[in-house]
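What follows is a short report on a single structure.
Which chain is which? They are A, B, C, D, E and F, in the order written, and residues in each are numbered from 1.
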Amino acid sequence: MNDKKLKLGIPKGSLQDYTLKMFKAAGFDIEVPERRYFLKIDDPEMECFLLRPQEIPKYVEKGKLDLGISGDDWILESKAKVIEVCDLKYAKQEIKKVKWVLAVPEDSSIKSVQDLEGKTIATEAVNLTKDYLRKNKVKAKVEFSWGTTEVKPPRFTDAICDITETGVSLRAHNLRILDTLLISSTKLITNKKAWQDKWKKEKIKDIALLLQGAVKGEEVVNLMMHVPGLKLNRALKALPKLKSPTIKKIAGENWYDVIINCKEKEVRELIPKLKRMGCQGIIEYPISKIVT
Amino acid sequence: MNDKKLKLGIPKGSLQDYTLKMFKAAGFDIEVPERRYFLKIDDPEMECFLLRPQEIPKYVEKGKLDLGISGDDWILESKAKVIEVCDLKYAKQEIKKVKWVLAVPEDSSIKSVQDLEGKTIATEAVNLTKDYLRKNKVKAKVEFSWGTTEVKPPRFTDAICDITETGVSLRAHNLRILDTLLISSTKLITNKKAWQDKWKKEKIKDIALLLQGAVKGEEVVNLMMHVPGLKLNRALKALPKLKSPTIKKIAGENWYDVIINCKEKEVRELIPKLKRMGCQGIIEYPISKIVT
Amino acid sequence: MNDKKLKLGIPKGSLQDYTLKMFKAAGFDIEVPERRYFLKIDDPEMECFLLRPQEIPKYVEKGKLDLGISGDDWILESKAKVIEVCDLKYAKQEIKKVKWVLAVPEDSSIKSVQDLEGKTIATEAVNLTKDYLRKNKVKAKVEFSWGTTEVKPPRFTDAICDITETGVSLRAHNLRILDTLLISSTKLITNKKAWQDKWKKEKIKDIALLLQGAVKGEEVVNLMMHVPGLKLNRALKALPKLKSPTIKKIAGENWYDVIINCKEKEVRELIPKLKRMGCQGIIEYPISKIVT
Amino acid sequence: MNDKKLKLGIPKGSLQDYTLKMFKAAGFDIEVPERRYFLKIDDPEMECFLLRPQEIPKYVEKGKLDLGISGDDWILESKAKVIEVCDLKYAKQEIKKVKWVLAVPEDSSIKSVQDLEGKTIATEAVNLTKDYLRKNKVKAKVEFSWGTTEVKPPRFTDAICDITETGVSLRAHNLRILDTLLISSTKLITNKKAWQDKWKKEKIKDIALLLQGAVKGEEVVNLMMHVPGLKLNRALKALPKLKSPTIKKIAGENWYDVIINCKEKEVRELIPKLKRMGCQGIIEYPISKIVT
Amino acid sequence: MNDKKLKLGIPKGSLQDYTLKMFKAAGFDIEVPERRYFLKIDDPEMECFLLRPQEIPKYVEKGKLDLGISGDDWILESKAKVIEVCDLKYAKQEIKKVKWVLAVPEDSSIKSVQDLEGKTIATEAVNLTKDYLRKNKVKAKVEFSWGTTEVKPPRFTDAICDITETGVSLRAHNLRILDTLLISSTKLITNKKAWQDKWKKEKIKDIALLLQGAVKGEEVVNLMMHVPGLKLNRALKALPKLKSPTIKKIAGENWYDVIINCKEKEVRELIPKLKRMGCQGIIEYPISKIVT
Amino acid sequence: MNDKKLKLGIPKGSLQDYTLKMFKAAGFDIEVPERRYFLKIDDPEMECFLLRPQEIPKYVEKGKLDLGISGDDWILESKAKVIEVCDLKYAKQEIKKVKWVLAVPEDSSIKSVQDLEGKTIATEAVNLTKDYLRKNKVKAKVEFSWGTTEVKPPRFTDAICDITETGVSLRAHNLRILDTLLISSTKLITNKKAWQDKWKKEKIKDIALLLQGAVKGEEVVNLMMHVPGLKLNRALKALPKLKSPTIKKIAGENWYDVIINCKEKEVRELIPKLKRMGCQGIIEYPISKIVT
């Protein structure tokens, strides 16, 4: 059993840094050597490869990898049959989402998906685009694009289906968004065979538990405050309804110590509210991991 | 009320990174898009503009902005009538202070402010310099400088009033500091009209509360220790006098758990002292925000 | 006479690299020391200062500098009375021109200069803008802008007058160009006093001669070709009319060697034409300087 | 005819800089705007697109582009029917050649192409690899690789067919080169339709003439020397046999001026030889373009 | 006593960033001014110099410095008689260790240390290498190498003794590791005289305490969990044996709150185990310093 | 003879780029692979190593290298017995000279070399410094310094002997230059044995000839002008006295074509002078190599 190794695929490119950071937060140090795609990981039971996210789902499906990280987009695009262990949605990234959009030239006569009938669409995600067209009952030609997709309409194609974060590149090429196909999120995936191996399944579940604990640790904080006795009920009502707080009376005073874990985003509204009620000594502590 | 927006001015330049970092610590994510000065903020009730700190005070005064961040220097220089909501003094920056100094060539005959009588001073902060001269009852000509101010004495001007952090640039141009006019600190400012609008005032106060909580969270830490019963009084005397610590007897032992919040700078002297008294298990925890 | 020094102002910023490059091409090495604005020049008769292009015209006017490099824009803006020694128009920069444009929000009701009546315009070049308005008989308020000018319409101002090269930044801020005020070019300037000093005038004229020789050397090439005797007349007609070429009969053959200097841009059309006529051995040589 | 435009495809990636440099040397300035793939060219008769070299051959074949630059590799891979106008082989790049190689793990039992029978090969150039196998009468599975190809053997594939310049990356992944499939060079390509259009054909031929003139100008230099009369014959014999040199007797002396164009690489051996013969005043001039 | 200063040497180069980071974590801000090796420290009782780690041990021995940071390697190499105050082993750096290795060309006949008899070894650490040879009873010539040591075998030397982290550079020069001489770790060192000065010794011990507290704070975390009463004993057995945890019954429920400090590396296995036992609300908090 | 190889040492560090550039100009392409010190050279008769300039003289002396590039400073310092083939003084570098200087603290009582008697001097060039002291009949202790030499006076040493280009770093450490020991220039060196080998000597002489031709080609230009017959004598007198110019009467006109090679630095004064005499069509051509 000891020389069994869990094969892990790390996605090269835009997901790479976040993936490595979350593994580190989960307790695994992964080092990317200069000019090498075999990664070093400080767990002798694992082996680690840097691969394009487009290929990871297929390699997981075929069992070349036991575990991989990839986006929804490439899992769907590759039509790989994989088991989704968990989502690694990064709560803080809400302003910067990866979206796949259909876009046409600003002055194009194409105003809705239906207008794409008979047209040509260039994209790096051919299957994703075809599935979308099928769902919309539109027949159009979908061509694989190797890159610089934004330059193609109208000379090389009628429309494109491309990834965008801020829309700046689309605007710079005078393109208009017609529809959003997918907002992609990051997944931890495995295959049936690994899932049926008791040792691997347990190891994968442990990794997932730690990764999710670290992801959640990024969005949750620990809030501690002194609440005057007269305001205790009002304060408790103001707190998020998630989990019962820890309440402790301060000996010899009509004050209570209240401790709660809540989302960092809620704190923005919660602290001023509590302060106005008369709460004192409100302290927010960071959390590294949280497993509930 | 819902479509009301609070207009916020973020200072471009040397204050920009710290300002964005403190807003993030306060719970607001602000994104600077490539090549754009309209910033994205994850609060639908706010709009965010990147502007030069020189202009923010005037725009706040005129009501073009409801809220802004700028330095003391530019508030004074612009003579804008604004309300100072709070100071955002960054405690850790003590080694790197922004100072406005009067400087002259090393071999200049000007040895004191009085020697500037009748001379010419080049500066980016004309009003600041004039006010200073008036206070010192010296009459001198103050000229606006667009930059490279250090190269000007003695050929283009007799003296300069310029910003300095480390003094390296002054020394490289053979300049001697004559006097310090101002050590600038960062302020959150608003105007009367916004302050009279109930919704805006409350929102501004909440933002100030969170920003100050975050600023303070950077300099305060949470210190926990086990104190032997015999040393409890001596230990308590050693602690900073700010706020009474939490003291709890450990059941069945003549030891006490003492918890206190104190400045990170004090910890440097406090920990060795406590250790010498026989305290054990001294742990310092980071704090994200503190609102007292 | 020997310790007389010609004081030269080099513009910091966008013109800096090109200016230093052209001085080098003219035969003068100027070194920019780290963190210093006193530049080193390998001519003991000169002293060299790095200054903002906004200030150079005024310093030349006042005689603090004998010679300076600045753009048309800042010469006009500063209203400095200077003598323009020569133009340093860089022929190869034709795709990348520095333009001052009036711009308004894309959806603004302002469609022509006349619509600016009573409006506010923010700009770094206040005088330039005022002069333009006067010429167009429009009355509008012109406000000095410290920077990030593109973010200002429509919240902080109605229109802006700003510098643009590619228009990308204007488009990123949803601005529309209303009119072009000025296409700026680079000038070598001096003042009356220096011009009346015999030694200085001669030195300035020599520098101008060398700089212009170097500028021209960048756009002119030397073209040499073998022309068959029967095509000599046709070939000569095809050549640019500037200057008579050098023609030499090749001994013992009905072929001629023709040498001509022409603009590099003309070569693009000339070479294919000559080749089709039957010319052979067409060679283009680079030129470092040309003084006609 | 005037609004006819020649559509040109510039390859994004490793060929991009050299391509733009050679167009500049040929007399065409092409600017790559920030974040845009529509390029600016200073010829109103042309339009310019930045596209992946993988796609340019197909777009040229279909007539979406009239003219394109791509490598042999992608022309073959795409099986596009295009007309090769000329080769743009860069003589100076001889140490840095782009090679497509078959590679296997260092300790693999695969020692020759024949051993690949029944194996799997990962590659970005599927057709190139299949053609090579067919020629070698080997049946193997060829899989498309999206990247990080070097990490794949032996876990994900048996062998790879990948691009290499220095071999460093292959060595870092413990791979051994089995065979070289192709040493790629850069081509200027067009299609039948453009070639049949008189105006386009002429324009394309002119561009090719100028590009080749510029490419050749990089490797050819002009050598001028004084040869003593007694050594004239020996010196002439030493010169490369390409083209007859220009020989001129120096009036009143038994010395000759000899001028010749030769490859820069030959100069390395030629100059010492000539010097030893007693030649003097040997001068090498750079050439910008040469069209013979 | 007040104007006494503790002289501290900070190692320039690979240890510099980590050293400055740990001093910051310990509560001391040290600033490295541009182009200066006198560092600024926010403690008026200290003076700080940036020096090569090779020289720090000798300067500490001679009393030019009271305190210094250097590696084992240079302390041994310099044969300086210093007092090792404490080790600053950075627990997280386990994948990236600094090793001194003996290496020979891959195809060298040297297979063991004994084969070095009579050979030449190039190294930056001459004494280290000589000591190693002496210990192994091998006589070989050791030559000082100024750098690019890897290029030397076999032409310039038979073997080398060099520092390596990842082995990439050794492999790139076709070198094989023969033996490892030393795995270096970072030390805080002082000298006898400073150690006999009461004020200095106390200050040094305080600094060591804080540095070690910070180092340990990087590897230890605080883990808090709710344990069901029935599993309390099993959970306590699972916890690391270091220090007794804090256990508190939750009022009115058969659940316990258990708090423990443990190594971050242990958490990776601990959390999944605790979770499987039925523990809930497992939270990991970061620690800044820990002094036990 | 064919498999004989000339071993060449290229200096790593400050001389590296210029050395590679001059070899390229001489006709030899040398490539520095990533992370490797074996360099590639496009001459099969040579082998190329990247080594510290401190070590090259010794390796040349011992015959490990046949040919090397190093500075005067390290040749003297290493006391290596080498044959200086030629100087590679780079004429354009006149403003940026590498000087070895003796420096002391600004406020030191050491005012002349004699005051160094009995003092300590830290330096990377121990022999150079000792030789200098001997010549000046001063006895002082010279200590090897590994770097950051400027920080050492007065705490760690009394004076230093260090390399300086601009003096900025000396000034930043408050040091005053006492004397200049050496202005270093770059040399091509070989050893007796290689010099006695006929093939090697010839090859080395050829390389030296080409390198010097390229070095000279950088400082010499070709100047061509039309001179009016009446001014011919005056013009000829103005020309540098080096080499007789080529003079040719223009057929049918009282004008002469005069061609001369002269130093680029002279051109600065020559062109204006010639222009004033009435010369026309003055053209300066660049030269790649010149061998006289």
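Assume contacts are C-beta pairs under 8 Å (C-beta built on N, C-alpha and C of every residue); 3 or more make two chains touch, one makes a residue touch a chain.
The structure displayed is predicted, hence computed values, not measured ones.
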Both-way neighbours, i.e. chains that touch chain D and touch chain B: A, C, E, F
Looking at C-alpha means, what's the farthest chain from chain C? E
Contact-richer chain pair [A-C vs B-E]: B-E
Same or different for chain B and chain C, where same means more than half of the interface numbers show up on both copies? same
Work out the mean Cα position per chain and let me know which chain is farthest from chain B. D
Which of these pairs, B-F, D-F or A-C, matches A-E in more than half of the residue pairs in contact? D-F
Gap in Å, rounded to a whole number, between the CA centres of chain F and chain C: 36
Per the C-alpha centroid definition, the whole-Å distance linking chain C and chain E comes out as 58
Please tell me the distance, in whole Å, between the geometric centres of chain A and chain D computed from their C-alpha atoms. 43
Contacts with 2+ other chains: residues of chain F: 34-36, 168, 172, 285-286
Which chain F residues qualify as touching chain D in the complex? 26-29, 31, 33-36, 40, 42-43, 205-206, 209-210, 213, 217, 222, 243, 261, 285-292
Chain F partner, complex, touching residues on chain B are 168, 171-172
In the complex of these two chains, what residues of chain D are touching chain F? 92, 94-96, 166, 168, 221, 264-265, 267-269, 271-272, 275, 280-286
Quick one: which bits of chain E touch chain F in the complex? Just the residue numbers, please. 7, 12, 35-38, 49-52, 54-55, 59, 64, 145-148, 150-151, 155-156, 168-169, 172-173
